[in-house]
Structure formats: C-alpha cells, structure tokens
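What follows is a group of structures, each given as structure tokens.
Shared between the two complexes below is chain A, which has chain B as its partner in the first and chain C in the second.
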Partner chain A sequence: MRPENYEAQRHPPSNEFELNFGPNHPGIEGNYALKVKLHGDVVVEAKADGGYLHRGFEKLMEQRLWIQNIALVPRICVPDPSPMEVCYAMAVEELCGLDVPQRAQWLRVMQLELSRIAAHLFTFGGHAATTGMYSTMYWGVADRDLILDLFEEFTGGRVYSIYNIPGGVRRELPDGFLRRISETLDYIESRLPDYDNLFFKNQVFVKRAKGTGVMSQEQALAWGVTGPNLRATGLAFDVRRDDPYLVYDQLDFEIPTEAHGDAWSRTLVRRLELVESIRILRQVVAALPDIRGPIRAPIPNPLAWNVPVGEVYTRVESSKGELCYFVVSDGGPKPYRVHVRGPSSMHAVQVLEKMSVGSRIEDIAQTMFSLDACPPEVDR
Partner chain B sequence: MSSIKQIPVITERKGNPLARVFDEFVRFCRSRSLFILHYCTGCGAIELPPAMTSRFDMERLGIQPMVSPRQADILLITGYVSIKTLKRVILTYEQMGSPKYVIGICSCTVNGGMYWQSYATAKKLDEYMPVDLYIAGCMPRPEAVLAGLQKLMDRIHSGEANSWEDYFRNYDYYLGNQQKLFGENWQTPTDIITEAKHYDLIDEGTFGKHTQLLEQHQKPLEALDMRLGHDLKEPTE
Partner chain C sequence: MSQELTHWLDDLLEEIEGIKVRRKSGRRVRADVPADTLPALLELLQGRAGYIHLSAISCVDWIEEDEFELVYHVWSYESHSLVSAHIRIAREPGVYLSVYDLYQPAGFFERDIHEMYGIHFEGSPNMEKFILTEWDGPPPMRKEFDSEAYVNEHLSWQEYNPPWLQELIAEGGGVIIPPEEQRFSRKKD
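== the complex of A and B ==
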C-alpha cells in the first residue's frame, strides 16, 4: 500500500496527529479524501487528496466522435449533469457556425433551470445531514425526485438526460408537460416555507453555519471561486446575466447575494436562487407555447462530421459555478483537444484546504457541502 | 416459451437434522438484516439516496447503510473503479467480516462501461474480488437497485450467495490480478491465508506462485504503515 519512494520517517513527539478523512467516509461528499493534521479537535493543516474518480475525460473525448462526446460529458458532474452537455453543444455549434432555433434555446433553458433546482435541493439535503438534520435530507432527496420524474418524461433519462445535440435538442415536449411542470413548481414553492422552518431558520443549523468557512471577496476572487460561493461574498456576478447565453437576456431574474461569505451565506444564496429558478421556469412555461418552429438545426452526417478548424471557449453558469469548455478542432471527425474548466476543482482543493485550517474537525464536512464541491468534476 | 425443469437431485443429507433447521433459521435472519457499506466509487452513488430515503425506502427490506466496514454485510461498488480507488476497495473488502457480499452496480463494474478505453479505470471488478450480483445499467434506477437487493436476499436465504468463500479458495487468482495491476510488492494488512485456515476454506487455488511472491515481499504486519498515498511532510528545520 505504500508508494514506491516511501521511506519510513520518525516524527518528533508532538500533540498533533494525522487523520485520513475519506475516501469512504459518510461526512465527505463522494469519493474524495482529505488528509488532516489535528491538534485536539482543531485542524492544523489539511491537504486534499483527489484522483479517486479520475477517468481521463479530456483524453477520452479526443478518441470519440463529436456526437459521441455528448453522451460522455454529463458523467463529469453527476449531481448536475445538464450544463455539461449544453456547454459542450454550444462549443461545437460555435465552431461550426450553427444557428440554434429559438425553441431549442428555450427548451435548453428549461432543462438547465430544472437541473439547477434538483442540484440545489440535493445539496441542502447533504448539507443538513452533515449537521445531523436527517429530515431535511429525506425531504430534499424526495423533492429532487419530482424533478427527476420531469426529466425522465421530457428527456428520457432520469439522471443523465442526453437531451442536447449540437444544433438543438433531441425531442419535442410531451403532451401536457407544461401543465405538469407548473404543478411541480407550485408544489416545490409551497414547500419552501417548510424548508425554512425545518432547516434555514433552525438554530442548530444557523449557529453551526454562521462563521464557519469564511472567505472575503478578495480571497474568493484570488482563489478562482465562482457561482453561489462567490455571490455569498457580496459580488453579484452571474454568467447568465453578465455574459448571456441562450435566451437568458430575454428573461427577468435577480442575482441574489449575501455579504458574509460563510457557510450560512452560501446556503442562503442557494435558497434564494431556488426562487429565482422557479421564476425563470414560470417565464419559460409561459413563453414556450408561442415559440414555434424546429427544435434542431440540420447537421451533416454525424458519423462523418468534420468540424471546421478553430478554437472556441464557451461558458455557462452551472449550479456549482462557472463551467467552461475550451475546444480545439483540427478539422477532423474528433476533437483535437478539449479542456473542461469545472468550478469544483477550485472549491474542493485550494479553497477547502485553506478554509479547513483553524476549524474544528466536525466542521470539515459542513464546509465541503456548503462549497457544493462535486468530486467527480474535480478529478474528471 | 419452453422451460426445462431442473430435476432435483436428492442427496443424502448428513449431520444433525436440528442443526439443519438451525442453519436455515440463521440464513433467514441473515438475509433479513443486511447492512450496506456503499463505497461511492462512481456515478451510481447518486441513485442510492433516493433508494434509501422515503420514496423507495430500502429500510422496509431490512437494509440500512452502515459506516464502518467491519460491521457491514454488503459492499456496494457503485460505478467505475479507478485504480487508486480499487486499492481502497480491496482493503475495505478484506476488512469486512465474513460472510460478506459484493454487489457491482452500473455497467462499469461489469466490463468498463463508458470508460472501456480509459487508462485510469479497472475494467472488470470480478478479476479482483468475487462479485455476488451485478446490477447493470448506466445508471440503474432505484427500482433496479431494490430488485437486485431482493435477489441477493433470496440467494442468501437459499444459501447460494457464498462468493466470499471463493476469495479464500481462489486467493492466488485474485492476488495475481491485483499484483499485475499494483506491482509485485502489493500487500494488504489482512492475512487472508490465516483467515482461510480459520474458516477451513483452504483449496487448491489458495496457494500458488502469486502467494509465494507475496511471502517474499511480505513485511510483518506490525511494520506495515497504513498511511495511504503521500505523507504530510514534516517541516524540516
């Protein structure tokens, strides 16, 4: 079990001890590990130990056709897979100069926002479980399942909805789907006060989360933090508003921010984002019946599709933060190089390492869940 | 659909009939109280919270999650296993007390799945440890997970789920595959051969050239430092 260059070393006697936190640990999110050095209960040093989920995505994508990669990319981030495929499809469209029909863009917005709600509900559940409140976990997972049922109905897949292709989306909405989506949104909205009473206003949670894992706005910007974690430090930056893609510039929504930059602020930002996502979805549901037309642009034979030479960088706002794809084509049937800039690599490695220092050991799990880091996306 | 009925072979049963009744009772109880250690090795872990919580409710089958390997009965491998994870999976598996059952969830544990050409993942799980049951799919729905667990319960009740004995009987084969992947001086802190003697499961496949190789490289267990990966460096002064 030891590395090849291992040499046993004698440590001087001290009050510090080392602890392997993970990879198989109920308090850690997924297959990820931290090596922490403790003095009593207080963390002196933490070191992230990833790589348990490494599959070599960027290499695998070079070996598959442009269209095959659509099925591969959602696997990068398991709790929130939809932004992955949308972002990749947007990159390929930009390389080919494809015009995506309006209706497909609205359908994509619907998919992205549903996915955001599902991911946030799941995060609340996990975060509550780390503070010992298992009821919220049961509720969050159960309500997320309602969204997954919607996904299953309109994309065909429960978790991995391989719904996009370069040029549009795969299929039209089923009959009566807009009514069912409205019902589910109404139900989730009616549940939010219950969540407030159970979790967000719960003193058990508030007292533990306030002041845990604090970062200032300067630190957040220096560490490459994006998404809700950045907005929790007071900076209203959202790719959906500041660099609009799809039809987000035609939609009306707010960018919620909080000032403190601790675990409580981060969770609260997600809670407020739920409301905004529901608001966006209501607008999409109202607009969709009037937007007619094709749902995909014609593309050449996808099995022999030589995408023009070029480099392209696309970004979307996923539920975890800013997600970017850098795609290079050499004019062949497969990508020459794909780089994925995932938000969690910053959150789970450098930010978590620095935030854990000085906190107590029971707060590590809470810090990790409040950062909403996604280990499969860290390792890729 | 033509079905060939298996003709039951009546073998002469030996031993105390009361002991047989007792064994049957033990198997029944064992199949109704299972603790899962789910090692979230991959994507499939995302379908376990729905399967465990109120919607599909695994607990009504008597199945609960368990956090420590020594008290768990089932090892759920949820998805692809990268080589770094596989070391920990084998370590976890060997720590579990017998009888233990392994379920491979997702296609990746069967044959590599989506990552059949990846350089970083182990393709077939059953080369490294005996697997009782596979639940195929990418990813299997919670219903499929529950159906798989029910199948396992039936197999435990009928006494068919004894793959854990294979690990002792064919230890040389499994150790050989592990050595091929991790290097010749691969060693876990669990002494499988002593354990096999304890369970009286020594067979032809237990010893072989790979176990000989293990004996050459084996360090005494007291000297084996169980810190995994790189060390936290002491600041040199």
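== the complex of A and C ==
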C-alpha cells in the first residue's frame, strides 16, 4: 500500500558512513564521544557529544557553604585538579578583600607547578599511546606517581589535594620536604633525555605528529584557543606572566613557543614547559626557607561566613590553558553563582570538531590528546 | 596597564550611550550597558581596542528581580586587560542576540546557557542539547529548580538489604540508621 503521490527517492551513493568514536574508547580522553562521518578513511564531519561526566558542579556549589566548595572543585578536572582550588580560593579572597600571606602564595605556586608537571607527564603518556608507544605511557604514569607521593606528603591527598582554603593553605611543609622535592626534580630532569629518545625524537611519533591537526595563529585566536595550544602557534601568551597572580611576577621563567601549530608543536611546547616548571620549582625551593610567617590569613567562622556582595572573575594558567572562575555573592553563606570556564570547553568541542574535518580517522585520537582536552571540564 | 591606555579605553567607552564603567583593578574593568547596545560595545572593543578573545559568557539568574544577567568577559592580548560587560534581560521570554559573528567561542557558551537556563540566542549556530541530552525537565540551573526536591520526588532511594547484611544485623553488627535520622525521604507510593 503506497500513497497515490508516492515517488521513490533515489540518492546517489554517498560512500559515507557514520562512526561513533567514544564514549568508551582508548583514543578518547575520559568519557567523551565524537560522532564522525567518514568518506573512506577521511573525516568529513565531526560532532562532539559530551555530558557523560556531567555532575552538576555549578548547581552543587550554589547549595554548599563557601568553605565546602573547596572539596568539590578539584573534582572538575581529574588530571590537573590543583589550579581549580587555587582559582576558586583566589575568587573568594578577592570578594572578601583577604590578603593572603606571602608564604602561602609561594606554597600555592609550588603546588601549581608540581601539578603542571604531573599533568604534562600524564598527557605525554596518553598521547604516546595513541601512536602505539605504550612504554612512554608506563613511564609517564610511573613518574607522575613520584609527584603524587610529594602531594600525599605535603597536602595529605594524592590526586585531590584540597590544600587551599580561602585565605591561605592548610598545612605547613613537613620536615625535610624541600630536600625530597629537590631529589624528585633532579630525578625527573635526569629522565628527560630518556623521554626524548623514547618519544619526542622517535620517528614513529615525529612522522605521525608533524602536520597533523594544524591550526594557524589566526584560527587559534578566532576559536578561543588558549594555553600550550596557543603558544604552539607562535604567540607567547601566558596568564602567569601577562595577567600575573600569586607571586609569579617575582619568578624568572621563559614562555616556550613553537611555530607550526600542529600536534608535534603542541607536544613540544609542553615538553619545554616541563623544564620551565622545574626551574620555577627550584626557585621556590630556594626561596621558601627565607619566607617566614603565617600560612593563612584569619577568616571568620567558616560555617557562618557571609561573603560580601560582589562578583569577581579570576584566571589562572592551568596545564591545559586559561582557567577562569566567575563567582557572584549575594552576601549570603553560599555562593549565588559560580561559573567555571575550563580551557577544554573550547578545545574539546568547537576546536576539535573543526580540526577533525579533513584528517584521517587514525589521527583523531592524536589530535584530541595533542589538544590536551579534558572532558570533565566541559561537562562540569 | 599604563595610565595612558586606561584613559584611552575610557574615552573609547564613552562613545557608547548609557554605559557605566567601573575600574575594579589595574586589569579588570566592569561595564554595565543596556542590552540593546551590547553588540555595538563588543564590536567597538574588538575592532578598535584589540579585545579579540572572548574568555567566557556567564549567566546569573536574578529570580527576585525577574531578570537574567549575562556577562561577556573579553580579553585584550595587547593591553592585557579584561572587560566584563554586564547586561540584564527579562526572564520572560528570555531571548537575546547571539554574538557568534563577532566571537566564535560564543557558540559554545550560548549553547550551554540555552541548555542550563533556557535563554534563546537568536542567530546562534547550534542550540542543540549537548550535556543534558536525555533531560526533558526544566532548565536545571534556574534558581526555581530545586534539585534535592526533584530527586526526592522522582527517584526512590533503594534500600540495600541483602541476606548477609540481615544476618549481620541479627548478630548485633552493621550500621542501622533509624528512619527518623535518614536524611532523604523515600519516594511516596
């Protein structure tokens, strides 16, 4: 039975097929999916599909006390949680007009840079795995563990340190900790040539990564790309230097850049940043014994703390790019609104969709890992 | 940021009608503008002052005033300063213009705000659901949406009571929470 006006429609064969890439796929960071349309091996259309890690942090934060949210925010980005708590704490401090003691600021820098090294090592591991080099992954995870050991010792938590509170940090350093941190830094630095030989100079990686996922500086700026991905297109911009927070303006460090804007450049920028982070940490280790004083400013009873009315936008440079918190207070014991702007909200959605088009299917995973996209930051 | 540049920015912003500018710190400027002049302000900031990076669009639900506040944070890579442009729109019907043609990152933020607050952005390239694909309730970030009440109403708190636990409790072990101390009420049958 067909309607009278029925006419069979005939489309020319498109030779296109659809592929669900994720949400459970070794080539995807976290739980995230790309709906890919392919012509042969070449991607003609990619659509990002998020939400698998949505836990409603922004809503939860409106229902919790200012101090309770410190335990909540690091969970937004698992591989690099420390910038989250520092950025949130900075926002509350600015709303309250709290002056953070110098020593606490130096300790925060130490925490942030350790976290950056750990996050970069983790990313190298994941990136290497997308090109089939699993040894780098095992090495990266093992060396990251040494930093997690340090975190465990001085903050009490391996991954989520929950070390900051508005007004300062929770604990003083344990005895002999600066010596142990120096030893770990020396060890990681001594490992870098091995990483170079295994991964960064490895022709398997170089040939795969060069020319993959290219973006120009104009494109990067138009797409809202930040962090190492932007620096890989030749723009030396770093929130730590150009919108300084904590004590970064007293520290001496370079901002590495690369010219080509491809997966290889992005990875190389991170490799060079490791050296700079080690350099910053050595300065912190040298300076900390002379910076004495309290580690936190006095705050009111945190369980009955009404933060003054106002709004604030704080930014930090996380290992993935520009991380911002927009916090609004209505004068009550809980935040009225917290908006988390993670760097991956650009990198994992619009940028990844655009960069996947035209690439081959085996390069999608590499593009995503070279962008260092972190899906939980997108989903929040 | 140098003093000269500060004055230059102030002079530029004076061109916008009805604008209120407040300098919060050396690198942070807050501008309150009427909703219909925001595109003109952004165009001016982007074209003549180098604010080419849209860092974020934030939405605040002021339910008591029956308004949404939209905040556009734009950053200049030249003068290293951030302008936050605040506008207020009526909560109903909750419609505003997209700024995607000026700033491409707006596409993501507008889609996110549409999903979480239900604001429709005219001209935005993609208003499809992204995070809450299987959600057909009200936009959850609105202040009137009470997530705990929603959970109590729609979900049942499963009582986990396997035989081994019953045995344990019979022997005097286990943790028993009396009903009056249970935090969440169970679904009403």
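Just so it is clear, the second predicted complex is superposed on the first by the 367 of 380 C-alpha atoms of A that agree within 3 Å, B and C clash if a C-alpha of one lies under 4 Å from a C-alpha of the other, contacts with A are read in each partner's own complex, and residues count from 1 in each chain.
Operating definition for what follows: a contact is a pair of C-beta atoms (placed from the backbone, for glycine too) under 8 Å apart; a residue touches a chain by one contact, two chains touch by 3 or more.
These figures come from a predicted structure and were not determined experimentally.
Peer 1: Following the overlay on chain A, give me a clash-or-fit verdict for chain B and chain C.
Peer 2: With chain A aligned, chain B clears chain C, so fit.
Peer 1: Check the residue A:Glu45 against both partner chains and state whether it touches chain B (first), chain C (second), both, or neither.
Peer 2: first
Peer 1: I'd like to know which partner A:Tyr160 touches here: chain B for first, chain C for second, both or neither.
Peer 2: first
Peer 1: Quick one: is A:Met215 in contact with chain B, with chain C, with both, or with neither? Answer first, second, both or neither.
Peer 2: After superposition on chain A, A:Met215 lies in contact with neither partner.
Peer 1: Between chain B and chain C, whom does A:Gly56 touch in the aligned arrangement: first, second, both, or neither?
Peer 2: both
Peer 1: Give one of first, second, both or neither to describe whether A:Tyr138 is in contact with chain B, with chain C, with both, or with none.
Peer 2: The first partner, chain B, only.
Peer 1: Quick check on the superposed pair: does A:Arg337 touch chain B, chain C, both, or neither? Answer first, second, both or neither.
Peer 2: Only chain C; A:Arg337 stays clear of chain B.
Peer 1: Applying the touch criterion given at the start, work out whether A:Arg75 contacts chain B, chain C, both or neither, answering first, second, both or neither.
Peer 2: first
Peer 1: Who contacts more of chain A, chain B or chain C?
Peer 2: Tallying touched residues of chain A, the top partner is B.
Peer 1: Is A:Leu112 contacted by the first partner chain B, the second partner chain C, both or neither?
Peer 2: A:Leu112 contacts neither chain B nor chain C.
Peer 1: So if I take every C-alpha atom in chain B and every one in chain C after superposing, what is the smallest distance between them in Å?
Peer 2: 5
Peer 1: Could you give the residue numbers on chain A that contact chain B in one complex and chain C in the other?
Peer 2: Chain A residues touching both partners: 49, 51, 54, 56, 59, 63, 379.
Peer 1: Given the complex with chain C, which residues does chain A contribute to the contact?
Peer 2: Answer in residue numbers: 48-51, 54, 56, 58-59, 63, 221-224, 226, 235, 237, 242-243, 311, 313, 315, 322, 324, 326, 328, 336-337, 339, 341, 345-346, 349-350, 378-379.
Peer 1: If we count contacts the way the header does, which residues on chain C are in touch with chain A in the complex?
Peer 2: Listed in rising order, the residues are 27-28, 52-56, 58-61, 71, 73, 77, 80, 82, 84, 103-105, 107-109, 112, 116, 130-133, 140-141, 147-148.
Peer 1: Spell out the part of chain A that touches chain B in their complex, as residue ranges.
Peer 2: 1-4, 6, 8-9, 11-12, 18, 20, 23-26, 30-31, 35, 37, 45, 47, 49, 51-56, 59-60, 63, 71-72, 75, 78-79, 122, 125, 137-138, 141-142, 144-145, 148, 158-160, 376, 379
Peer 1: State the interface residues of chain B toward chain A in the complex, per the touch definition above.
Peer 2: Residues 37, 39-43, 45-47, 49-50, 53-55, 65, 67, 69, 80, 82, 84-85, 87-88, 91-92, 114-115, 117-121, 138-139, 141, 183, 186-189, 224-232, 234.
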